[in-house]
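Next up: some structures, all given as structure tokens.
Next come two complexes, and both contain chain A; in the first it sits with chain B, in the second with chain C.
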Partner chain A sequence: MKQTIVPLGPQHPVLPEPLSFDLVLEDEKVVDAIPSIGFVHRGLELLAPKRDFEEYVYVAERICGICSFMHGMGYCQAVEEVINLQLPRRANQLRTMLCELSRIHSHLLWLGLAADAFGFENLFMHSWRLREKVLDLFEEMTGGRVIFSIAKVGGLRKDISTETIRRASKVLRDMLPEIKEICDVFLNDASVKHRLCGVAVMSAENAHKLGAVGPMLRGSGVAKDLRVSGYASYGELQWEIITEKDGDCYARCAVRVREIYQSIDMIRQLAEKLEDGPVDTKVLAAPKGETFMRLEQPRGEVVYYVRGNGTRFLERFRVRTPTFANVPAVVTLLKGHELADIPTILLTIDPCISCMER
Partner chain B sequence: MNPNIEISELKPDFIISRVTELSVQGWRLVQMSASTVQGEGDAQQVELNYSFDKDYKLLNLRVLTVSGAKIKSVSGIFFGAFLYENEIKEQFGIDFEGIAIDFRGTLYKTAVKQPFIAFAPKKAAVPPQGGAK
Partner chain C sequence: MALFSMLGTAVKSLLRKPATRLYPFEKRQPFERSRGNLVNHVESCIFCGVCQLKCPSKAITVVRAEKTWTFDRLRCIVCGRCVEVCPKKCLEMKNDHAAPIGPVKADSVIVQKGPAPEAQTPPAQQ
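After this line comes the complex of A and B, so read on.
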């Protein structure tokens, strides 16, 4: 059969950031997909040896505007492990809380983008309306809506009052009926199911073999979530890894929806357990040695590698972001599908090109 | 270092057999990365890290080589490696042989070829005493 190559991206209505695929089609069916990235690569890793390791936090949190806090925190955790710095309990609790708020904000953002991709404008607007409330909480707690600059090596730059935390937890619980309303549409509406159910199925074995991470992996039934390792304050929370078995676009969507509820519950637990005390500890040494640090971001496992030589300048900082890990899986998933389904499939990996083009 | 992280050094010739072994044992490729390190004298070397995960344990295979060296691709064993190998090829000049999808130097558009090699310090920095501000 005659083959046609259709370029999808780097500018495409469904792609908020530049990513490109050369889709090889036979009739309307994709038989091959060649990805192209690197359109906005920033070389942030190469900047690490030129910046003081404490100041580099500002660069690390600019890797991405959606999980900016988690990037800053992940970098700090890696440096803290090399220095062997123990953080006060309150600092870890507040960090964990900001991580879970980031997850809620990221998943609501994704739900909106997904709704927009399959033409459900109303759902898109309601998802983002709720996301605004989370951004308001960020503003109240940190002073920033996108970049918070609150994480630092050794803890947090400023304390957040217990009263503010408890109020934030209440705001989230009050949002539950509204979140449930839109999530019920995502999970039960016939038109949504029509676009997501049975599309781009990835088996657990394939997800594992292709190195998929986050909801991509858990949507295929693999119970893998780095929060289990108990970093920050996750060790003191009651929770279970959320998985779905079907491995299709709907399963990936369902994992994210259920994680929103779970994150709200985690924040409730943290607000109840919040301990009084300092939020930082003094940094008395520069990093000498190396470590790998892994965290669970909204999109999945992120890996930071830090190597210091005892000076204030790191020898190497490397970050492997979840979207980078999910690209090989999506390349495989696109094959065999109709051209009309490609935007939806692409979106179900929740691509963050800013992260990938660190 | 974290007790769940293990680093083991490996000669380049044994990469394929060791990675195949890990694949059979159910390890997942987490990432591949590279760093420049100082060898003997002023010789600059490239340190490759192949990271694998199983039951939340991180196993790193560390291979020491030089920019321009030929290393066999593991993308035939773990397809996801193709992206990491293309990245390392462009940033550090390691020539991976048999990459599943080879971008032939067009993954990133950089003003300087192999920037991590071009901007690497020529001599190891001497750490000052103390280190804190």
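After this line comes the complex of A and C, so read on.
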């Protein structure tokens, strides 16, 4: 059959950021997809040796706007491990809490974008309306809505009062009925199911083989979540990895919806356990040595590599972001689907291009 | 499978007040911790240059000899590091945002000069 090539991106209504695919079509069916990346590369890794390691936190945070806090915190954790710095318990608890709040805001953002991708504008607006309340909590606690600049090597820059944390936890619990109202539409509505159920099915074996991470992997039934390793304060929380069996777009959506509820519960637990005390320790040494640090971001597993030579400037800093790990999986998934389903499939990996290209 | 499951929410939001503000007429009060814009109270500045050294985006330039403190708003990433390290605490992070910058790029640069050194009185001639 005659083949046509349809370019999707770098600027496309469904893509929040520039990513380009050349889709090879036979009739309306995609037979091949050729990705090209590098439209928003900023060279942030190369900036690491040129900035003091304590100031680089603010650059690391700007790798991505949505998982900003976790990038800053991941970098700090990596450097702390090289210096062999023990953090006070409260600092870890507050970091964990901000991580989970970020997860809620990221998943609500994704739900909105997904609704937009399959053409449900009303649902999109309501998801983002709820996200706004989480952003307000962030601004009140840290001073920034998107970029918090609160993490630093050795803890946190500012303390967040226990009272504020408890109130934030209560705000989230009060939001639960509203979140449930919106999420139920994602999970039960006939038109949403029509677009998501049975689309782009990935088996557990394939997901593992292609190196998928995060909800992409858990949606296929593989129970892998880095939070199990118990970094920061995850070790003291009661929770279970959320998985879905089907491996289709609907399963990935369901994983994210259920993770929102789980994060709210984690924040409740943390607010109850919050310990009084300092939130930072003094950094006396410069990093010498190397380490790998792995964290679970809303989009999946992220890997940081830090190598220091005992000076104030790092020798090498490297990030492997979840979107980068998910690209092989999504390229495989796109093949064999109708052109009209491509936006939905692309969106289910929760693409974060500025993360991926750094 | 539910049909029209969004209908209830849609009708409710029709009857509710809008979720957004009528911006220019109704403004939200900034939070106490919000990082809005950087201000230097130049009268107590000693032009030591620590803020220039610590700024991750190199937005501040200090010339000690001329007693000038130059700040490029478009380079600033509002992290607040300079406020933290300032030994005289003359830098302040305001919680409201500064007015937008006009079409001229140079308008983003703020130059502040310290008080002129006291004129040395020539020794009285006898």
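To be clear about the criterion, the second predicted complex is superposed on the first by the 358 of 358 C-alpha atoms of A that agree within 3 Å, B and C clash if a C-alpha of one lies under 4 Å from a C-alpha of the other, contacts with A are read in each partner's own complex, and residues count from 1 in each chain.
The definition used in the following text is that a residue touches a chain if its C-beta (ideal position, glycine included) is under 8 Å from a C-beta of that chain, and two chains touch if they have at least 3 such contacts.
No experiment lies behind these values; they were computed from the predicted model shown.
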First, second, both or neither for A:R320, with chain B first and chain C second: first
Which of chain B and chain C A:V185 touches, first, second, both or neither: second
Chain B versus chain C as contact partner of A:K245, first or second or both or neither: neither
First, second, both or neither for A:K193, with chain B first and chain C second: second
Which of chain B and chain C A:F292 touches, first, second, both or neither: first
First (chain B), second (chain C), both or neither touched by A:R42: neither
Interface residues, chain A side, partner chain C - complex: 51-52, 55-56, 58-59, 62, 120, 122-123, 126, 129, 132, 136, 139-144, 147, 149, 157-158, 181-182, 184-185, 188-190, 193
Interface residues, chain B side, partner chain A - complex: 1-2, 4-5, 23, 26, 28-31, 33, 35-36, 49, 51, 56, 58, 60, 78-80, 82-84, 101, 103, 106-110, 115-116, 119, 121, 124-125, 127-128, 130-133
Residues on chain C engaged by chain A in the complex (per definition of touch): 1-3, 5-6, 8-10, 13, 19, 31-35, 54-57, 77-81, 84, 95
Partner chain B, residues of chain A touching it in the complex: 34-39, 41, 43, 46, 49, 54, 81, 208-211, 226, 228-229, 283-286, 288-292, 294, 301, 303, 305, 307, 309-313, 315-316, 318, 320, 324-325, 327-329, 331-332
